[in-house]
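Okay, so chain A shows up in both of these, paired with chain B first and chain C after.
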Partner chain A sequence: MSMIKYIFRRILAALPVLFGVLTLTFILSRLMPGDPVLATLPERFTTEQYLAAREALGLNEPLLNQYFDYLSRVFTGDWGQTYTIAKGRPVWDIIWLRFPRTFDIAIFSIIIASIIGLKTGVIAAKHRNKFRDTFFRGLALIGVSIPVFWLGLILQFLFGYYFDILPAVGYKTSGIGDPPVITYLRLIDCFISGQWYLALDYLEHLILPIFCLSFITIASITRQARSSMLEVLEQDYIRTARAKGAKEKDVINTHARKNALIPSVTIIGLNFGGLLAGAILTETTFNLHGLGDALLVAIRYTDYWLLNGIVFLITIIFILINLMLDVLYAFLDPRIRY
Partner chain B sequence: MEDIESRNIANLEMETDKKKILEVKNLKTYFYTEEGVVKAVDGVSFNMYEDEVLGLVGETGCGKSVTALSILQLVRAPGEIEEGEVIFKNVDLLTLKKKKMRDYRGKDITMIFQDPLNSLNPVMTVGTQVKEVFELHQREEIYELLDQKMLEWKNKQNRIKELEKKLEDNETNQRLTKEEISDIKNEIEKLEEETRDRPTYRSILREKSRKILEEVGIPDPEEILERYPHELSGGMRQRVMISMALSCNPSILIADEPTTALDVTIQAQILDLMKDLKNEYKTSVLMITHDLGVIAEICDRVAVMYSGNIVEYATATNLFKNPRHPYTKGLISAIPTLDKKKKELDTIRGSVPNLIYPPEGCRFHPRCDYRLEVCDKVRPLLTQIGESYFVACHLFDPQYKDSPKYEWGKEELERTRKI
Partner chain C sequence: MRTKMKQNTIEKKISEEKESKENTFKRIVNWFISNLKFLFIPFSRYETLVEKEYDYEKTISKRLFIRRLKSPLTMIGILIVFSIVTIAVFQDWLTLYPREWFINQVYSGAFDPPSAKYPLGQTDLGYDVFSRLIFGARTSLTIALPAILFSVVFGVIIGIIAAYYSGPLDAIIMRIMDIMMAFPALILAMVLINIFGQKMEYIMLAYGLLGIPFYARLIRGSVLQAKSLPYVDSARVAGASNLRIMFRHILPNVIQPIIISFTFDIGGIILSLAGLSFLGFHDPTLIEWGFDINKAAGRIADAPWASFWPGIMIVITVLGFMLVGDGLRDALDPRLKNL
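On to the complex of A and B.
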């Protein structure tokens, strides 16, 4: 019960954060250079056209009026319309279309990265300063240092062109069609409607971006898992376990792992948040039309409503993930109670 | 040099009719740090006898904990056991393979530690941690017990069937009296009560854990088994540690400052408990402490350590009555007493030597008021000077009885006072 109370309290505490983020993005987007009106006009236009368009966007109102207008609309569920990606469509529609794709990539990447990263981190810690440790640490160092777009380009060149075994860009083979939209998650929609070839095609397109993103995520998880495992292995209770006559395998698996998992979970959560917020570079490199790609367009053409909407969504995602992490800590560590 | 040392060690026998159970010979444990080699334990030798408590006393950093960890080979990197022998029941533990050594840990030789909060795993329940020891070392015994209990259980079940049959037969031929029928019914009820839970591996494990917690004076052990370490008090935690250490009825219990992290009333309780349990289980105890009060309370013999060496090794009574080594003398005179009202407490001047570059000769010589000319040149070895009394000091070596006393310069004295 106290847990539900705690979650409720945390959600209430998040409201000022949401408010602050809305205000800040509103101000920052207005300070951004560039004229949003231009994006809505044809290449050649008259002054009358320009003024009419400006009036239509509501930009002639005093700034403070615009701000309060926006605030009230956001909290009633109307996030405004975009005028770049699809003219006049609600920002919500764009998010519904773009976010599921980002979500697919993020969830696959984080699952793969967690499994591999935690494992390699523990192996590295177990064989501290031996070959395996040096090897995984080296790999992790490369992982955190490589620019993700460079890795993406290399992968595209190798697998999409040189070996020619995987599609290099996009999320579907052009002209292959779409499944009926049921859950907005393409993979699940494919399964529900029984169009296996579409699912397969989709997965095929996701392999390279997922590899790309999980590689850099694995690197940071490995580093965290290794260092927290090493720290735990120094603890007195590990000495107690050894003094009891426990096997080294059991010392690691039953005594150390759960303790070492707690800091690693933080890193996994933050990485997941980052991935859900849209991996702009990766999505652009692979031309995936995800959330990050939409964000880029919004910034480039000063699409106020789209930009504010996406930033607001990202804020909500991070707040929820932090909340999830805190709940998860309580399960991992009995000392934490809310 | 080596020759003298080995001769010296061979002589380290105490006059006692008790059986020798552990023999530590010339143990050396060094730590290879970036600043240099720390000689934490540098040639330590002592014996432990059955059903006795040996106190290992010395100030922080003198190597007493490392000595204990070396016996169980739990010294962490960069520490390494350089040489020596640890002979337990005719087996040199230091020559054993890792797997074989694990069988001794937690079963024949067990250990409890200074800080019971950090020594218990915070994310595992007390029950899981206590059960682990039984599972590691008594698996076969538990299965044997399970077979036995299963047999009993089955016999009782058969008996119930038999009795029920009797009652059934009675319905046709009416041979039993009313009293007999009620007796049988009562017996069936009693047996059903007893056989309600089928014995399992887990139930036996649980029963054993409950019993051992009861043994160390934990009230409501059923409940405590489900708790996490942070939910218990310091004294309770140390009791749990002790219960784990005693669960396999060990020959030797190493207690590394078991009362240091506890407050004084709990200290007394834990010491009493250890005394009782020691008498009950006939376990030899190696009591590591810096508290001479604890030594006086519980120990039969004492080894005083200074800077990685044992400097005095004797029975507790003799040691307190007549300490010989200047360091021990200093320690004992530093205990505050109620009858002598002095403004300042006695101290030993100077501070503990650096273990990377320990002083030449006797390691205590820079702080010693009785220093001889020879003290910074020749290292003294433990030699017998009386019945069950060994001391490592040139003052008691007839070979150096003519060595002149060292004259402390004023400046030297001043320098050490300031520290």
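On to the complex of A and C.
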């Protein structure tokens, strides 16, 4: 019961932040140079057409009116329409179309990265200052300092062109067709409709982006897991466990690991949020047409509604992930009570 | 007679002023050495100890600090940072072609492979890849360093004020910082650069603004802890003003985590600047590694050299700062003392 109360309180506490983000995006989008009206018009237009389009978009109203209008629309679920990516389609459509692709890459990379990263972090801490530690630390350091787009390009060159074993760009072979839209997640749609070759094709295209993103995420998870594992290994209860004659393997696995992995959960969650928002670079490199790509278009061509919608969505996800992490903490660590 | 005396005094004053101006730099350096050595030498502020004990502690901690800093990885990091700074400073002596060669001109041989004239190949407009690598070093450092200094200075000031004067002021400041943190950083950077314009100063400003919440939060936590310690109370009893307590008494005691994350963040900022310029949010008058990769990305299949080398430079630079940051953290962080 107290858990539900806690979650409720956290959501209430997140509301001002959400509100602030909405206000900030509104102000920033109105400050951007460029004119969103131009995208709604044909290539050649008259002044009357321009003024009419401006009126129709509601941009002639006072800014404060626009702001309150925007707020009320956001909370009723109408996030406006976009004219840059597609002419006059609701922003929600674009999000439904683009977000699953970003989500696929992010979820696969975070799963792979947490499995490998936690493992390597523990190994590095176990063999402190030995060869394996230095090796994984060095690798993690390189992973932290490698630019994700450059890694993507190098992978493209190696596997896409030089060895020619994987598709280099895109998310599907051109002209292969799409599965019927059921859950919006392409992979699941493929399986439901029984088109296995589509699913395989999709997975084949995702290998490089996922490798690229997970390499970078593994690095930061390894670093976190290693340092928290080292901290735990210094604790008194580890010394006690060793003193009473427990095997080194048992000390690591049953006494140290669980306590050390709790701080790593935060890093994993933050990374997942970061992957969703920061996939812009990977998506551009691999030409994946995901959410980040749409965002880039929105910023370049001053699409107020698309920009606000995507930023709002990412913020909501970020806040939800943080909330979920805190709840997860209580499950992992019985000492924490809300 | 009288006028002569007046002239004499005026001349004296002028010469004194000149002298003081000449000495300003010396005085600043001396001030740093005498007042800020605690940044680098732990325990150097423990002046209340018996003199001999103090000397002993100092030499021991100095030696410990240097010994911990002398790990091979850290030395590699220092070497990398040193050489990148050298390249940035002496770029005109190291390039094969002068800077003017790269402005508004097109040469034959776009994306040509490495040759004797162009040791690392050519870019889209026929430029020399190697020379552009050299020029990119200064661009990265000149954008990253002021940006991060900006965010450290303002973040520290805001964080200290918020924590020291807790209450409604703290709540308001921290809510604003929360909102800025909840906003995805890369997106905020792109929007800010789009608003300000694609100029070097504005990119610095955008990055400086973005870093403020992080440092404000970092220092706020430690100030909240330090505020309740006895030395703050005794300073207040001695009649020190709030400003003096904040910046002379508390700040020196809480600045170490800032120093550590500062080094890491230089690397991080260089990395995300490269990302931004890869997306096209850069100052078009500058030579940047990230934008060079952007230009060459479309031809990765047949001209990999044009995008490979700038990336290598980014990795090396960022790696250098990260290694130094790692080393500094190991040497300074008291929690990891026994490692």
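Throughout what follows, the second predicted complex is superposed on the first by the 337 of 338 C-alpha atoms of A that agree within 3 Å, B and C clash if a C-alpha of one lies under 4 Å from a C-alpha of the other, contacts with A are read in each partner's own complex, and residues count from 1 in each chain.
Assume contacts are C-beta pairs under 8 Å (C-beta built on N, C-alpha and C of every residue); 3 or more make two chains touch, one makes a residue touch a chain.
Keep in mind the model is a prediction, meaning the values are calculated, not measured.
With the two structures aligned on chain A, chain B fits next to chain C without clashing. Judged by the touch definition given at the top, the superposed model places A:Val265 against neither chain B nor chain C. More residues of chain A are touched by C (comparison of chain B with chain C). Of the two partner chains placed by superposition, only chain B is touched by A:Asp236; chain C is not. Of the two partner chains, neither chain B nor chain C is touched by A:Ala125. Once the two complexes are laid on top of each other via chain A, the angle at chain A between chain B and chain C, using C-alpha centres, comes to 70°, given in steps of 10. Of the two partner chains placed by the overlay, only chain C lies in contact with A:Ile142; chain B stays clear of it.
By the touch criterion stated above, A:Lys247 is placed in contact with chain B alone, chain C being left untouched. In the superposition on chain A, A:Thr285 makes contact with chain C only, not with chain B. Contacts of A:Leu213 after superposition on the shared chain: neither chain B nor chain C is touched. Superposition on chain A leaves chain B and chain C with their closest Cα atoms 5 Å from each other. Common to the chain B and chain C interfaces on chain A are residues 234. By the touch criterion stated above, chain A contacts chain C in their complex at residues 16-17, 20-21, 24-25, 28-29, 31-33, 128, 134, 137-138, 141-142, 144-150, 153-154, 156-157, 160-161, 168, 230-231, 234, 274, 277-278, 280-281, 284-285, 295-296, 299-300, 307, 311, 314-315, 318-319.
Every residue of chain A that touches chain B in the complex is listed here, in rising order: 234-237, 239-247, 254-255, 258-259, 332-335. Those residues of chain B that touch chain A in the complex are listed here as 72, 74, 76, 102-107, 110-111, 113, 115, 118-124, 132-133, 136-137, 228, 230, 241, 244. Of all residues in chain C, only 73, 175-176, 178-180, 182-188, 190-192, 194-195, 197, 267, 271, 274-275, 278-279, 290, 293, 297, 300-301, 304, 307-308, 310-311, 314-315, 318-319, 322-323, 326, 335-336, 338-339 touch chain A in the complex they form.
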